[in-house]
Each structure stands twice: as structure tokens, then as C-alpha cells.
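A, B, C and D label the chains in the order they appear, each numbered from 1.
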């Protein structure tokens, strides 16, 4: 992987129907443009993995791309509900959505285990919650030294992870900074990884807290300025808080949502 | 913790006889000055933890400060043996040294588990090695999801961890960069932490790959320019490869070693 | 349900102010979206300027100039001492017990402080799908003090939660096994509930100005235990109300 | 024991050159101190300029201008694409199987590729205390190809190692359970040994110029299995010897 490719090509080549797909970015650097391309190409039967489904998965769920979701917090941050997620879970619209549910710590550790190609991770927390009833993804393990019982989560290994970053260099190495969330782990846990970036530079600047991913762990890099809108890319854009507010009204109503999708050339996927 | 304190005060207050002490730094930023102060103050019966004992523990072992050692690679990098370590293990000079031995992955994960206050960590590797015979620190655990058997290591939680860093700011937050090894984990795994720094600055510069430790996880910061010699501090000094070579001759002979110790005001501890 | 108010402030203001007052200067505080975010930043702008704000997005010692609208605002990363990955945040900071105070919200809470933020009804086929657990289960398990901020009503304060998202003291108040203290305070728009030192049953111990014991009992879906002596919470001060207003208007603090 | 040499090069040179030749352009190579460091950097300066050097100190894609004297030289961090923590290096990179080629050394090696770098004698009271395992057990367990570089002698090539630091194919050649391939090549100053495809017994398959099968057998502490046809290793080329000399003299490459 060296030269950037058009986003449409990256999605066409690396995201397939039925894949387990993680589009990550914790409030910051959410890869919306890539998600919209996935919808435009009509991908179906996806298992979507993401700590915070946010608007990005509310949109894909409403468009009918997803059969299952793996997540840990499904709200519109600071606004309220994700209405398309709720409509899918509560009313099976546009179809049934199977829910696999973690805490943040659980899903973060599931990605970390996946990145290490370990089958599970150990953590504190979870114990005594009803989340533990999902025995296929949350279990317990006993410390062989102390006998203490701890929570265990099954590793997550997406078929493809997609992230947005600020920079790629000429060799296709990628740099992101600011709140870097769980992107490194999501990329390293995946079989394939796609990165959209704001721009390509000759030389990476110094940034404390930056994550750099070498080109040989990436499948494709695409240049998509503002590809995180309405979330943001530190140093390039600010969060469009107004759109997050407006989404509440758009998503609350099926007709309003479908009208928004049509306006944004996202209709095809939903009715394919 | 806000203002820097003299190193002698930091060691006097936070390092006690019988403590489990980790002085970390992977080739880079090895806290030699702090180790010498520990020796000068005559600390005894220490359990020394460190991935690579290097010259720093060869010296403390030769001076008789340590009863036990926890480590994963005990050579003089690129030169050969650590003769004081060998003399202690092979000939009980100056006294018996109990060895607890990991691989790098094992000890790195033991620190990580300690930093998370988990009793153990899971990793690949180790299985089938004779290192596993140390059942008190290396064991096995079965994945509750797949049934796969994996290696487990007991967490390491030092009484005190000591590191050298490039910078502290006026509030006593600490920044290090370059090869940062396992220092973050060693500090967070410890009950107390001491940091020696090259200098104090008003504002931290931008450095990709830097580790920043907030003041409230540190017990003391001391300003000790060149405190990592003969190892190095990126941006401040280069590794004194000649001394690493010379150490082979100094350490090979007990008399030569004791003469070196006396010249460096380190004799007191060894014969206290 | 009567809403205690005054000309100067609402019951929601009082709830946020009461929560802010619980933070001590120097506390390491894990801040979530909503009322906790308001309360923690209010504390920083009033009596606890050295309160250390940690956001689960990875920002450690963030010093936001304006009230952040999300827990991942750029202002948090830009003003933090350090920004770490989310796995590191949960493993090395939250799970390791480095958080003095964690704030939690609740859609339902029971008499032993167990919290539901997941579903009303059955998990597979819920009547209402709520956002989910987020960082709460580990905060509930590991923080030194856990403060729940939630408006009191019989629909929220229920005999038995539909789903345990975060464990308080367990089904009968005796099942807590986590290293943290468990919910130490439940701050509502009516007053404050604290676990009984022996049974862990949430007990009304303080009332906000203008609220009666009867109102608090009526707002609770189980027979509410009332402490022998109820402390009267002081009304919000001018300074507190000013700071709260400035935060809500997203006015920046002076650098 | 005869040391095969020529006027131009020593058996140690030949060993390093033979190891370097095994690296393919684009390989991700985990580099340790000593001969592996020399071999990997030699490959980068000759036929495999895009070989990716990973050092267990955390440097990923390091492009050292001079031969590093330790695996933690500043030049490695300064020229790397990324520098990660040691736990991350072992969990996300080595353990996860992202290393194509790992190099190992050995104080003792047995006929099934099991390696001792820990002690001669008993672990608690050793006759010789060796440096220890370092990163080797996980490299041995997880790398796609594992190349052992070690001078051949009956003291080193033993029937049974005193201590298993890193697992090859297990005590009888059939006990390997790790996801990596196991030792795929043992490169010595005499030639090359490879595991038998069926039994995993190390078998002499190649000889360096001037070395005889008899010398290799004499340098082995067990009855050495010899392949039906032995490949003759080409002598080091002028280019290889130049590059090797420049590396040893720590001459910098042109930027």
C-alpha cells in the first residue's frame, strides 16, 4: 500500500456484504464519508462494531445496511436518543437488528485482545451486571495466582476497520492526533484497514499524543478532506454541534430520515 | 507533588530497605543517578525489578543492595555478560541472589497488569519453555470462549518505581520521549514513583511518541541533569558506548569493581 | 409531582449545585456527558479550582475553557495534561482505581443503588431502548466515591430495575464484590439519598430547600427509608448560580 | 575444529552474509543485538532495501544510518516510522504475528530446534548464568519464519539443552503448539540446517564454501542428519563484503 486510492475503490475492494465492519473514532475523527460510501455501494447484512454508534451508525442502521450491532453506548452525545437505532431495536424498522452489548471498558479491551490476536481479554468491572448474560461475548476467568474471579470479554476481530485521520505521508503511513480513542486497536484487530485522511504531506509534524500506523498494516488510504463531518478533525475542523442537534428531528421520523437520505444520495442502499 | 526535591531526599523518603524497586528505562533513560543514590544511602535487601538489568543492576547487585531480582534479559548489550550479576548467581558474591525470570513479553505484561491493578495478564509465548517451572509467577489460563490455553503472568506492583525523563513542567508533570520502553507501566504499577529529569520547563514541547505522566501519580521529581549516564537522554546526551565496553573489564574482577565503587563514593553501601 | 423551585433557581439547578459541592479541591473526577459535566465544571469554577477532570475519551486533567458539549470536544484534548487511548483510560486509570469521584446517571435506580441505563422491558425485545452502559459499569466498580445524579420520580426510582447495567450493592444490598466503594450519594432534584451504613438501603438524608419528606417519598417507587435527622441543603449561592449560568451559556473562562 | 575461511572473508562473515540473504525485500524483520542486527542491516544495504526493521525496544520501520550498537540507540527511534511502548511491541506486533522474520541466537540448541539462552546447569544454582530469554520466546512462538544464527560446535549443538528458553519443535519434535512456524533455518559458520519436513529434526542442507560434511558432523553434538543433496552456498560477493565492512566500521549510509 503506497498511493492513495479513491474512496469508492477502497470501499468496493475491501468492504463486502456480510462483513463485520468497525468504523471507529471516539467523538473525534468519525469516518462519516466512508460510511456514506458504504451505504451508496449498497452493502447489506453487515455486523457493525463501534463503541459509540453515534449518528454514523444511526444512518447506516436506518438505511438497512446492518443486521447486527456490537456497541457500548448508543446515544446522541449531549442530545438524546439515536432514533434509527431505537426504531430498529424496538420496532424492527427497516428490519430486525441483533444487539451485542458491551461496556466501554469491555469493548475497548475486546479490540485490544483482537489487536494482540489473543482470544480474550481480562478486566475489572461487569461482574454482577445483566450484561454478563451475553455469555457468548462476556464471561469470567479465574486468576491462576490469586484465585480472584474477573470479567473476560471475547476478542473482536473485524473483517475491516475504517478510520479517519489527519495525515498520510507519501509512503502511505498514517498519523492522527487529538483524541485518538480506540482507533489503533481497531485497525490492528482487523483483517483489513481503510483510512481516509485530510491531506497528504511530505513529512509528519511533531504532535504529542499522535498515533502513527505504518503503511504495511493498512489496506488502503483515501484522501477525503472533511471526511469526518459532522464530527471533527483536530487542526482541520470543529464539531458541527448544530447538525448533531438537527439530527434529532431528522432521525425521529422515518419520512424525514428517508428524505434526508435521498437528498444525500444515500437512498439506493436503503431500498436496494 | 509540585516542586522538585533533591534526589537524596526523594530516595530517603520513598525507598526503604526490603522494598521491591523497579528502575526502568529500555537502553534509553536508565536512571543511573537515582540508583547510585540508593546505593549511597545503603539500602539493603531490595527486590530489584527491571526488564534489562544492564549495568545499573550489575552495580547494585555487586554493591550488595539486592536479595532478589526479577528480570528478562541480563546481558551487557552488545558487549557480553553482566559479571556482577553472574558472580552473585554463580558464586553468591557478595551474597545469594534469588532469581525470578521472565521473557520480555512476560515482564512487560506483568507491569501492564500491575498498572491496571489486575492480578495477572494473558499473553502468547512462554508455553513449553522451562521458564514455566516458576509457577509462582508464570502459569496458564484457559480462554472461556475458545478453550485455548494461554500463558499467564502474575502482576508486578513495585513498592517504588524510579525513572529518568527529559522534562518536568512547573506543576511537576513529567514528559519523556524517544524509546519510552515500559516506563509508563512501571510508574503506574508502583505504589510510589520517583522521576529524575534533565530540566524543568514552563511549557512542554510537541513530541510525537512522548509519554506524559500527571503530577498526581508521582511521589517526587528531582532535577538531575545527565542522570541517565552512561545511558542517554534523547535530545540531551548520547549513549556512552565506551563506558559500556569498559564496564566489562571493571566488573569482571571483584577488586576492580570495588575500586570503581570506592572512586565513585559507592563503597559505603556495599560494606555497610 | 411538585417541582421545588424559587424565583432564582430551578430544582435542576439545585441538583447540579449540590453535585458540584461534593467535589473536593484536588479530587480526580471522571466526568460523563450531561449533569456530571455541568457539576464537575461548576466545581472547578467555584470552590474546587484544582479538581482534576478526567474524560473517558482519554483526556486527563482537562481544563476546558467552555462547557464541553461532548466528552470528546477538541478543547478537552487541547487543554489536557495528557491524552491517552480509550483502552488505557479504562485499564490504567478507571479500572486501576485512580478515580476519586465518578458521576453516573440512571434511567432506573433501585433501593440498593443498582442502575439501569440499558433497556425498559426485555433486553432482546425492549419496550424502550436506552443508550446503554458506556463507561458506567467500570466507574461503578472502581471509583473511590460514586455520585449518581438523577431526577426523582416513581418511574425512575423503582423497586427492581429492568436491567442491571451498573452494580450498586446488588439485589439485596449485600452482593457488592467490586473494589470501589459503590454509590455513596444519590443526588436528586428533591434531595440526597445515601446508603444505610449497615444495609446499604438508599436512605433520604438531605432535602433541598422547599422540598418536603412527603414529596420525596411520593417521588420514590419503593417505601423510602428516611433518616432520623434530615439535613437541610443550602440554597444555591449567587456565585454558584452565576457560574452555572455562564457555563450553560458556554461563556469562556479567562485564561 | 577447522575454521573455514578465505583470504577475503571469515566464517563469521559468511554466516552473517548467509543470514542477510534470507531476508526478502519488504519483509518485516524483528532484529536483536549481535549477528541479527548485522545481518538485517546488511540486507537493507544490499538486496533488500525495503526490508522493515522492527526492534523490540519499540522502534517500527527504523532506518538506522549507522549500525546500531544496542537495540535502543537513539538513531533507531529518530529514524523509525513509529515508536511504541515495549508492552505494545510484544502484544500488538510480535505476539500478534506481524513479524515475518525473527532472528534468534543460542548458547545451546538441540536437534529439534529448542534453544537455551538461560543457564548451563541448574536454574537455581547454575554453572554458567547466561543473559536469559529476552524477547526470544515470543519471537520463537509467533514469527512467520525464525532464523537462528549460531556458531556450530559440539558444546553448542547438544543432544539436550540444559534449559528450554525458547521452544523449537519440542522435546521430540512433535510438541509445537505455537502459531508461528518455528525455527525454519539454523545458519551456522559451517552451513545451514533445516527442520526435516516430517520429523522436524534439524538436517544439514547447505554448506558454506570450503566446509565439508565431516566438519559439520564433527561440530554437532548429536549424530547429524545430512540431506541427500547438499546445496553449496555462494561465497560472499564483493558488494556484500564491502557493505559488511562499512557496517562494522559504523560508516553512515548516505541519507
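The rule is simple: contacts are C-beta pairs under 8 Å (C-beta built on N, C-alpha and C of every residue); 3 or more make two chains touch, one makes a residue touch a chain.
Treat the numbers as computed from the prediction; the structure is a model and nothing was measured.
**Q** Using the contact definition given at the top, which chains are in touch with both chain B and chain D?
**A** Shared contacts of chain B and chain D: A.
**Q** Given the two chain pairs A-D and A-C, which is bridged by the higher number of C-beta pairs in contact?
**A** Counting C-beta pairs in contact for A-D and A-C gives the edge to A-C.
**Q** Please indicate which chain is farthest from chain D, where distance is taken between mean Cα coordinates of the chains.
**A** Following the centroid criterion, the farthest chain would be C.
**Q** Indicate the whole-number Å distance between the mean C-alpha point of chain C and the mean C-alpha point of chain D.
**A** 57
**Q** In whole angstrom, how far does the Cα centroid of chain A sit from the Cα centroid of chain D?
**A** Each chain's C-alpha centroid was found; their separation is 40 Å.
**Q** Taking each chain's centre as the mean position of its Cα atoms, how many Å separate chain A from chain C?
**A** Each chain's C-alpha centroid was found; their separation is 28 Å.
**Q** Chain C: which residues touch two or more other chains?
**A** Answer for chain C, listing residues that touch two or more other chains: 82, 91, 95, 179.
**Q** For chain A, write out the residues touching at least two other chains, lowest number first.
**A** 112, 116-118, 123-124, 184-185, 209, 212
**Q** Where do chains touch, given as pairs?
**A** So the chains that touch one another pair up as A-B, A-C, A-D, B-C, B-D.
**Q** Touching chain D in the complex: which residues of chain B?
**A** Listed in rising order, the residues of chain B that touch chain D are 26-28, 51-52, 71-75, 77-78, 81-82, 85-86, 89-90, 99, 101-106, 108-109, 111-112, 123-131, 133, 178-182, 184-185, 209, 211, 232, 234, 238-239, 241.
**Q** Considering the complex alone, what residue numbers of chain C touch chain B?
**A** So the residues of chain C in touch with chain B come to 26, 28, 52, 60-61, 81-82, 91-92, 95-98, 179.
**Q** For the complex, which residues does chain B have touching chain A?
**A** Its residues touching chain A are 116-124, 136-137, 139-146, 148, 150, 152, 154, 175, 204-210, 212.
**Q** Which residues of chain B touch chain C in the complex?
**A** Listed in rising order, the residues of chain B that touch chain C are 112, 115-118, 173, 184-185, 188, 212-214, 216-217.
**Q** Using the touch definition up top, name the residues of chain D that touch chain B in the complex.
**A** Per the touch definition, chain D meets chain B at residues 33-34, 56-59, 69-74, 76-78, 82-87, 89-91, 94-95, 118, 123-124, 126-129, 131-138, 140-142, 163-167, 170, 175-179.
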